[in-house]
Each structure stands twice: as C-alpha cells, then as structure tokens.
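Two complexes come next, and they have one chain in common, chain A, joined by chain B in the first and chain C in the second.
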Partner chain A sequence: MITGFLLNGFDTRARVVFALLIAIAILVPAANLLLPPDHPLHVPTYMVTLMGKYFAYAMLALSVDLVWGYCGILSLGHGAFFALGGYAMGMYLMRQIGTRGVYADPILPDFMVFLNWKELPWFWYGFDQFWFAALMIVLVPGTLAFVFGWFAFRSRVTGVYLSIITQALTYALLLAFFRNDMGFGGNNGLTDFKDILGYNIQADGTRATLFALTVLAVAIAFALASAVTRSKLGKVLVGVRDAESRTRFLGYRVENYKLFVWTLSAVMAGIAGALYVPQIGIINPSEFDPANSIEAVIWVAVGGRGTLVGAIVGAITVNFGKTWFTGALPELWLFALGGLFIFVTLFLPKGIVGTVQAWWAGKRASAPAATLKPEPAE
Partner chain B sequence: MRFLSILIAALWLALSTAVSPAAAAVADEDLKRLVDALGVGGFSEAEAAINALVATGDDRVSAILDRFGEGDLYTRKADKSVFIAEKAGSDFKLLDPVTGAEAGVVSKGEIEKIKVNNRIRRAIAAAVGSLTLRSPDAAIRRSAAEAVMKSKDAAAIPALDAAIEAETDPAIKQIMVAARAAAVLESDLPEADKIAAVEMIGGLGTRDAMSMLAAYTAVEGPVGEAAASAARTIESSLLVWDAAQNVWYGLSLGSVLLLAAIGLAITFGVMGVINMAHGEMVMIGAYTTFAVQEIIRTSAPGLFDYSLLIALPLAFIVAGGIGILIERSVIRWLYGRPLETLLATWGVSLVLQQTVRSIFGAQNKEVGNPSWMSGSFTIGELSITWSRLWIIVFAMVVFAGLLAVLKRTYFGLQTRAVTQNRQMASAMGIRTPWVDAFTFGLGSGIAGIAGVALSQIDNVSPNLGQGYIIDSFMVVVFGGVGNLWGTFVGAMTLGVANKFLEPYAGAVLGKILLLVFIILFIQKRPRGLFALKGRAIEA
Partner chain C sequence: MTDKAEGTLLYLDGVNKTFDGFRAINNLSLVLAPGEMRAIIGPNGAGKTTMMDIITGKTKPDTGDVLFEGSTDLTRLDEAKIANLGIGRKFQKPTVFESHTVEDNIALALKARRGPWATLFHRTGKAEQDRIDELLTTTRLIDKRRFLAARLSHGQKQWLEIGMLLAQEPRLLLVDEPAAGMTDAETAETAILLKEIARTQSVVVVEHDMTFVRDLGVKVTVLHEGSVLAEGTLDAVSSNPKVVEVYLGR
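Moving on, here comes the complex of A and B:
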C-alpha cells in the first residue's frame, strides 16, 4: 500500500530525478573506488566528501521546501533540527572513540575529562548503541518540532511572527549549546571521530559509502516529499499556503496539516544533519547560527520554491558557488551571496527550476494554442 | 644642644607652614638640615628628627622617609651630611635626598648607613600616614584614609584624630571617621568606644562596611552583638540597593534595546516588513561616528567633546539615505510579499556588512568617549556611569521625539493612516509609496543615531548590527506592531527581566530563558503585548 502511495506520487519528472539520484549514488563511489587515480573519470576522495556535504545540504533544503514551498511556513530555524540530528550522530561517534581519545577514558569523551566530570550525564546513556542514536536522530528533532508546532499552529502564529520565533528557537539553542555545562562540548562541539559502526571514518571506502547513503537518503526524502505533495493532503497544504483562512472555513483542521508537514520536515532535516556530521568530522554550536538557517532558505529560493527538485538544485549550485568563491575570491563571497538573495527575490521569484518549468510549460501550451482562434479579450 | 636647635628650627618651620598652607614652600636648605638630623645620635634622636620632618608638612618628606624605611639613607662621614646612596659597582652614588641632585660617587668606607629598627619603621609608617592624611592634595588624603580603613592600624588613630579635626572636605572627613572607627575596633580601647565605632560603621550602609563588620560578629560580648545587628541592618538595606542596581542596569539595557528596536518597530508597523538590514543601519551609524571622530582627531582636536553631537545628524542622514535607497531599489518591488522582503533585506545586510568590511577593515574600531560620557558617580550604593545615564536620557529623547513626529506632524498623520489601513489611506489621496519611502528612511535614520549611542558602549565592527537584530525582533514582536508604546514597554520589560535573571541563571541562561519566554508569549498573544485591533492587521 505504501509502495502504491509512493508510486502514485511519482510523475515522469520525479521518476527521472529519482533515477538520476540513484545513478549518482552508485556511479560516484564506483568512480572513486574502482577507477585508478590517474584515470580521467576518477573522482578523488575529497571531492566525494565535498559532494556528500552538498547532498546533506540538499536534503536540508528539501525539508525547507516542503514547509515553505508547499505550506507557506517560512522557517528561519531549520538549521536547529539539522544540528540536533548532527549532535545525536556526533554523540554516537564520540562514544565510539573509547580509549583512543587523548585522555583514553573508556566511557567519558575527552571534553568531559577535561572539564573534570566524574560520570557520564544521563542524556549520554545509550549513545554507544547505533540503533539508539539512530532513533534519537529521528526523535529529538521530531519531538522538538512537534511540541513547537503544536503550540505555534494552535495559537495561529503565522507569517513573519512565526519566522521570527523559529529564529528565536535556533538562537536560543545556539546560546545553550555554547555553554560548557550543557554537556555537549561547548564551544568546540564534538569532533575527532574515529569510526562508525566499526569502520574507520577516514577510510576511502567508508567515505564513499557515506556518500552513497546520503544521496540515497536524498532520493528517498525526495520520493516521500513528492508523494506527500501530490497526495490529497498535499493539495490541502497548498490551500493552506495560498489562503489559510479560507481552507479553515472549508472545514479543514489547518493546524493538524501544518503540524504533520512541519514535523516530517524537521525529521528530514535531522537525518540530513546526521549524515552531514560523519562526513565533515565535526559538529559545533555554530551550526545553530540563525544565518545558516536563512542560507538554507535561499538555496530553496534559488532553485525554485515549491518544486522539490529546485531545492536540490539550489542547494548544490549555491554551495558549489560558495566553495569556489571562498577559495578564489573570499572577500567577494558575501557580496555574491547578498546579491543572490536580492536578485532571486526581485527577478527570479520562481527560482531556476520554476522559471525553466514555466518557460517549458509556456512553450508547450503555445504550440497547440496557435492553432486555435484567439478569443477576444474580456 | 644640637638636638635642641633642631627642635627649635622644626617648630619655627611648623609655624611658618601653618601660616602658609602651601606646604612645599619649605626651603631646600632648611629641609636638608632636618634630614641631616636623622643621622645624629641614637634611635630616640632619629624618631624626634622624623617628627620634626613631619611637622614641616612638606610634600617631599614622605618620599624621603620611605627611602629611610628601606634603609637607603647614609651619613657621609666627612661632614655628617645625609644622602640617599645607590650602589654603583663597588662604590656608592650619592643623591641629595631633598633635591634629588647627584652628589658624587664615594667608596663604601666614606659613608655609614643610618640604622633602622622596628621602632623607627613604625614611626616612619605612622609619620607617612599622617603626612598623607594632611596632604594638601585631596586625592592623596582620600587614598590615605582608605588605606587606613583597609589596614585597620590602631596606631593611626591619633593621626586620624588630628586629620579629622583639620579636614574641610566633608566626603573625605567621612572616610576618615570610618577609617578611625575601623582602627578603633582593632585597638585595645574600651568597649564603649568600640560599640560607638560599630554604630558608626553600621551607619555607612555600604558593602565594605558590611564586610568590615562581618569580622567582628563572632566576637564575644556586646561588641559582637552590636556588630551582628548592624550587619543585619546593612544586609537588608543592601538588598534594596541590589534591586535598585538591577533595575538601573535593566533600564540601561532596555534603553539600548529601545534604541535598536524603535526604528524597526516603525518600518514593521507601517510596511509589515521585518527589515533584516536594520542592524546594519545601526552599524553604519556607529561607523559614521568613527569617521567623524577620525576627521576631528586629525583636523580639529578641540572639537572632540562635540564629536557625538556632530555625528548624530550625520548618522541620521547617512543611514536614512541608505534606507530610502534600499526602499526605492529593492523593497518597493516586494510589497505584499513580506517573507520575500525578509530574504531580500537579509541579502542587503550581507552586502552592507561586506562593504563596510572592505572599506574599514574587519577589526574593531576605536570610538572614543567624550569627557562628559566617561566616569561615574554614586548615589548611595548605586554606581552610575555617565555613559549609561546619557544613553537612557538619549533613548528617552529619541522616543519622545519620534512620538511627537508621529502624533503632531502631517507626515506622522499620513504614516498612521497608512499603518491602520493602507487601501483607505490611499483612497483618501495619501501617496502611500512616498509614505513608505520616508517611513523607511525615518526608521533607518533612527537606527543610525542609535548606532552613534551604541558606539559608546559596544565594539564597532562590521558585525555590530548582527548582535542587535535578533534582540530587536524580540522587542518588536513582544511589544506588538504599530504601537511605539508597545516597543517601549517591551524593551524595558525585557531589559529589566534580563538583568534580574542574570544573577540567578547567568547571562547566557538568562537570555535563553527570555527567548523561551517570548516564544511562549507569542503563542498566547500572537500579535504582541499591544496589538493593533481591527481588520487592517489581517494582511
């Protein structure tokens, strides 16, 4: 039944994108591992990791697009869910270090020994098990989003106000995680990971696998998001986006629809964060920075809001641009990013994918329309 | 015989100084003669000579006595003249103790060290204490009295008594009386004196007095009881002062928040747009101040005290001009799409930050405080810095001025009309695009002059605005849109609440608690403390 739900949700375009993602998930690691380094198609490991990072961002962008593009909730705090997922993964990786840390304490991570803590805080229990960490990656962002959304949507906090309080949420978490006594490594965060599920985290094979898993996760998230948005529920969401009061008057419980998609989106962001951390090798409080969340929104805006594919395209394009700019012309990067914000909102409100789609649709529509006699204007 | 003549000379000198309070007027030779007396005879004679020196009240005496106490004074055997000797190789370099002039180099055999024992050291310490207590310089007298208060030296009581008698400055006199009381508690004077001293200290009501008394609460007998009860009285009055201090800090923080948020409140109220570049307007105002001060430093240093006054209109014009430019070029195309405006203005803020960074560099800029902004004064236990006081005053003036503009001018009338109902205002012939542009300019200009004030208390760096933007949002959202009083109450409430939370929760946790509180508050009142009523708000 679920398969049917997913298949129904697929139009041709979504199938193409899905197939493309799966192909990337297979071909890039293959090109990295199987081809010799001097082969022209060989993908170096640093490139695999870099692209893995882009795809983790793409998943975050997908989650933002789901709430912003389809439900009109502009979240300026999605980075919080991303970072929480990342921290859950980071805690697992920290506990895998074991005695290989600087202080060689079998239980306590280095920073706790450094802070002279005697025993593990309760919220670190269980993170030595991967299944538990995986559960937390889903549960922690999901629960936070559920509670937050439960209050916010029920009180009908909308528009700019909602954006501001999501920003307040991530800012509060930023401040909280900076504190040493929170037990999450304070300023330095969690880093110096050794291995994941017994595999060396620095090894080429592990990195390629992580990349493949990330792209696969993006593909699944994309499929899920397409299915949701094309379902009846998705239509109601679009109704909420375009005319919330009217949808409510038609008898829909707007807050429940919003809460569902908001929580789903937060879980997606959390998983994206969890995939991001082992590839980057560090998670620290700066991931909670409100500026990061706003940047995630601009990826979606650049790619095309409400298109899903656009979110992936936007995240990868903007981040590729960032990598190139910060390497080649570092002082110009903020100009470019700021200009991008302005340019996209002013001149490209539909984003890259949306504009191409509109152009394509216009071309297709104009071909048969030419044979019809033009109607006199009203 | 010689001893007597010195005494007479000293008396004569003391008389002459009593006539002319400019104590430094003792002639070098006279002083030198008294210094020479230090090297004659035994310890008793030396002590008498010290007292004779003190009686002159000369400024230089305490320095000479200090050197004496350190054992640096030597007698030249040839003429029994006293010098300060400093080791120079195997020989000694002689310095005139009065003038500091060099008096040649001698071998070790030619001079003899003037011996110092504990009795002499005590005499010197008391002498130096009383000398500084009677110094013509008020600052020296004050610090001497404070030193006695710390050391609680019972030996200083007679010197203090004399100093209290002569003191004319009531503030310093009070410190001396307190110092005497502190010394009495350490002395072996009768109990009645001590209880009087306890009462005296208790009457001060200061934190220092409290810690001073805390040392005696454990003492057996009436003194201990008196100390304990006085300490309790002080403690309860200190609690009140602590609360007052928190309120004061809170109001000061609230004023800063008010300054930063008030411009945002206007633009948000009128256009329904949160201007993410608002913080950068504050930053531009601060950099305008920096630029004005730089120009004044290089071309007209005398005007430095007026630099802030010059910077105020300039900052308003610069930030307001940039604001109008942004409105005309970016924001006006985005009306009716508040969330897109939010993103576009975020882009503007990034560009402005990087522009300032490219022009002025990334490091913090030094913005000086004019003389009337620095320093502080105290009311009771409340220490009030001038900069904080002026910022509160300034915030109030800006707030009142803005209220006046909105309530009393034609432009204000138009602005209020557009805020309440844009379509209707437009139908009545108000050119809403111009109102938008000028309101945005006004809001940005206010942010600019807020930047002038904030440059005095914060680091002026390209990131200055980022630090205020989230706080400003909180204030505006908390206070409610379209109502300046809401912003005022919001800013002051958050400021005071923050300062009251800080002692219990710490600065960071206090801030987190406030953010959580605001998030919850918005659930209860989604339109803030003072919401606009009517249809207009349903955009």
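Moving on, here comes the complex of A and C:
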C-alpha cells in the first residue's frame, strides 16, 4: 500500500527532480572531501555549509507550499515550527558539550550555570539522548500544529484571519523564547556546539555529511509531498483551496483534511529546522521572527506556488540572492525582497517554475506534428 | 419527534431564520414524500436558497423542525454529515473544482469513504472508472473528460455539477436553478435529465424558468417572503390570485 502510494506520486518530472537531488547529495560532498583544494571543481567547506543552509530552507519552503499551494492555507508562521525543530536539535547539541563548556558543568549548559540554576529543568530531560531529541523534533512542532489546527480549523478560521493568528503564534513564541526564565538560553539562544553523535561538528567530514543528509531529507520530503498531492487526498485539498464549501457538501470533513496537511507540513518544517541548526551552529529566538515566516512565503511565491519544485527553486535562488545582496548592499536587501515579491506577483504570478511549465505546455500544444493529442488540461 | 413526520423523506415545520433582524424564512413548512420531485418557485429573495442552506446544514434555523426520513434532526448536523446521509446539493452559482479535470471532479464526488486516510491510499478501481464513464456519458461530458473544469461553458458546468451530484448517489437532490445561463435547448435537456433522475431519487428543484417548471410537470410550491404562499400544480398556482399579485405586483 505504502510503496504503491509513493510510486503513484512519481511522474517523470518528480523522478528527475528526485534523481537530481540525490546526485547533489553525493557529488557536492565528494567534490569537497575528495578533490584537492586547488582543483577547479573543489567545493570549499564554507560553501557546503552555505548550501546546506539553503537546502534546509528549501525543505521549509516545501512545507509552506504543501499547505499554501495545495490547500490555500497561507501560513505566516511556519518559521515557528522550523525554529522549534531547531531548538530540539539545539538542546541535544547543548547537552553534548558536557564539561567542555566555560563553566565545565557536566550536566548544566553554561547559560543555566550563569543564571545560577542548580538543576536541569524537567523539559531538558532526555535531550542527552539523540533518539529522544529526534522524537521531539517531530513531536513538538507536530503537536503544536495539531492543537493549533484543531481549534483554528474546527472554528472555521480561514483566509487573512488565519494568516494573522499564525503570525501571532510565531510572535508569541519569539517573546517567550527571549525570556531567560523560559530555560532556552534567552536572547543568546543555544550555541557553542561541540559534536553531534560523537563527531566533531566543525570537521569537514561532519559538515559534508550534514549537507548530504539535508539534501536527502529534501528529496524524501519532496517525494512524500508529490505522493500526497497526487493522491485522491491531494485532489480533495485542491478542492478545499478552490471551493471549500463544495467539498463540504460532497461530504468531506474539511477541517480533518486541513489538520492532516497542516500537521504533516509542520513536522516537515521542524525537521528542516533540526537540520539547519547543526550547520549554522546556533539557534536563537530571532528564528521565530515573523519576518522569517513571511520570507519563506516569498520563496514559494517566487519559485511557483503549488508546484513543489518551485518551492525548492525559490528558496535556493532567493537565498543566493540574499547572500550576495547582504554582502554587496546590505541595507537594501529588504527593499530588494519587497520589490521582488511585487514583481513576481505582478509579472510572474505563477512563479519561476509555474511560468516555465505554462510556456512548455503552450509550446507542446502548438507543436505542428500531432503525434501527441494536444493536452487540453494545461 | 412529530408523528406527522413519519413516512416523509423531508419534513420542515415552523422554521424561522432571521438575518440581522431581516426575516428570510418565516414559519416555513414543507413536506416531501419519498420518491417525490418538487419544484419550488418564488420571486428573488423569497428564501429558496436559504431553505436549502438550512436543509444542508450551512445555516442553522432559529426555530423549527427539519427532519430527514422522519426522525433525523438535520439542525444538529454539519454539512459533511448531512451530505453523507444522502442529501446532495447543486449550488445556484455553478460550483465545480475549476483546476481539476472534468473526470477528477466526478471522481471526487463518487460515493466512497470520505476520511483523509481512506483518500490518501485510494486507488481508482475498474468499477469506479466504469461509473465515472457512465456519469460522463449521462452528462454529455465524455469527450471533455480531460479538460480542466475552468474551460467549460456555464451550461456545461451546470451539467458537471449535476453529474457530481449523481456521483454521490444521494437519496435527496436539492437543485438550485439548474437552468440558469442555459440555452433553450440545454434547458429542455436538463428537464429531461432531472425527470430521469427523479425516477429513482427524490428531487427538489428551484427554478425561475416557467417553461422548465412546466416541462417537469410536478407539484409546485410557491415561496414568498420566507413562507409557502401556494402549493399545487403549476396551472393551479399560477391562477392563484395571491401568486399573481406577488409576481405582477412587483
């Protein structure tokens, strides 16, 4: 059943994208580790880490596309799930520091010693075990999304109102995580990580592996999202997006469908955050900044909403642009991003991938030799 | 609840609904027998669509009984539950899934389990495919099956929505203005199709087009200001002075 379901989601395009991602997951680390630094194809480690960060963002974008592109839920708070996954990973990494911290406390992370705490708060228990942290990376964003969605969708909050409360959600978490007494390192967050699963987190090999795992995770998330969106459930989701009441009167319980895709998407965002943190080396409350969530929506809009591939393409291109821009003209980045969003909304409403797709379909339909029947459904 | 409701398919009694002080439905009573087809006419704003909203769970009445099959209280159920009981609805403004193909529109409407897990792992079988083909043939959309629904004409969308309604295999069909925006020929065909449907299912049709209502040849209920003004054959109601006044006095 499961394999049939996954295979069903794999059309030619999905296969190509999947294969491409796997190739990147293998070739980039290989070019980093195996080629000598003076080789023209050598990829320096900082570049591997930078790209790893982009792919973590790509996974966040995929999760946004799943709810926004296919179910019409415009989440302006997905950064919250990303950050929660990141914090769960950060807590694991903190506990791996052990006696190597400034205060050399075997149990308490530095910031707790600094705050004069005598013992570990209960919610830090278990985070010295990777399996436990991994479970929390999935459960914490998933549970929050489930509870939030349960109330929001059952009371039929939709459209702008829903977008606003998702902003409020991430903003509330931002304020909470800023507080020192919350026990998550306050303003400074969690940092100074030493190793992950016993491997030095700074080592080239670890960084290359983290990169490979991130791209692999994007590939799996993409395959899963393709399968979900191509299933009958995916068609119901699009039905909800386009004509919610029609779906209800056909007997579908819309809130359950929204809850399903919303929770799945939040888990995806959480895993993305968990992959992001060890590569970046820090997680702090600014990850909850509402602006981050809005940026993720812009990546999807630029790449092409409701195409999945577009989410990946959008996240990577916009972030390459951002890296370049913040280097060259840092104070102009926000204007550039705003301008880009307006440009895309006005001139490329289908985004990069959507526009290419439409162009391609148009070209095929107008091809003179009618070996194929013209595809009416573009 | 009420003995009078026994043996009826749909039973509305003393139903009231007020929107911000405006009485859209006013002490409305209406009874539909199993297997019956009923036409509902009435001027704009008479409350015809609101009545369908109440039956299908979109709008909760302030007071009154709304019973399905004599005992199921529809006012306590939501839209999805009511749909799954076997009450299907066509909207006044044709509402189909525009970015799905014609075929997928029908497939989504087909009677089947409606939960997320069931649809996630659903595979379309031979029986379903045959049923889809059959419905596409009935609604004359078979050669447009791969078209996006957005590309259909207004009349074709109406037909697609009727096809979706049939795909649900409901026991009661509520059809709001099926002939709106259709040519005369299409209107006549729609009447034939609905009469065909009425042989096996119960149908309530709202329509302004009198030729269409005459073609149906069934009992007519005239609504006015949220309550029943007259009931009977089309000839009887159209010679009723109260009805004449409502239609001509405007």
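Please note the rule applied: the second predicted complex is superposed on the first by the 367 of 378 C-alpha atoms of A that agree within 3 Å, B and C clash if a C-alpha of one lies under 4 Å from a C-alpha of the other, contacts with A are read in each partner's own complex, and residues count from 1 in each chain.
One rule holds in what follows: contacts are C-beta pairs under 8 Å (C-beta built on N, C-alpha and C of every residue); 3 or more make two chains touch, one makes a residue touch a chain.
For clarity, every value in this text was computed on a predicted model and none was experimentally measured.
After superposition on chain A, the partners chain B and chain C are accommodated together without colliding. In the superposed pair of complexes, A:176 makes contact with chain B only, with no contact to chain C. Residue contacts after overlaying the shared chain place A:35 against neither chain B nor chain C. Of the two partner chains placed around the shared chain by superposition, chain C is the only one that A:252 touches, whereas chain B remains out of contact. Using the contact criterion defined above for the overlaid structures, shared-chain residue A:104 touches neither chain B nor chain C, since it reaches no partner.
Taking chain B and chain C in turn and counting the residues of chain A each one touches, the greater count comes from B. Touch criterion not met for A:365: it reaches neither chain B nor chain C. When the two complexes are overlaid on their common chain A, residue A:298 makes contact with chain B while staying clear of chain C.
Of the two partner chains placed by the overlay, neither chain B nor chain C lies in contact with A:16. In the superposition on chain A, A:151 contacts chain B only, with no contact to chain C. The minimum CA-CA separation between chain B and chain C in the overlaid arrangement is 6 Å, rounded to the whole angstrom.
Shared contact residues of chain A with chain B and chain C: 245.
Chain B makes touch with chain A in their complex at residues 268, 272-274, 330, 333-334, 338-344, 346-355, 357-358, 466, 470, 473-474, 477, 508-509, 511-512, 515-516, 518-520, 522-524, 526-527, 538-539. On the chain C side of its complex with chain A, the touching residues are 56, 58, 78-80, 83-84, 88-89, 91, 95-101, 104, 107-109, 114-116, 119-124, 144, 146-148, 151, 164, 168. Residue ranges of chain A in contact with chain C, taken from their complex: 1, 4-5, 8, 228, 231-233, 235-236, 238-239, 242-243, 245-246, 248-254, 256-257, 260, 375-378. Residue ranges of chain A in contact with chain B, taken from their complex: 74, 148, 151-152, 154-161, 163-165, 167-169, 171-172, 175-176, 178-179, 245, 290-291, 294, 297-298, 301, 331, 334-335, 337-342, 344-346, 349.
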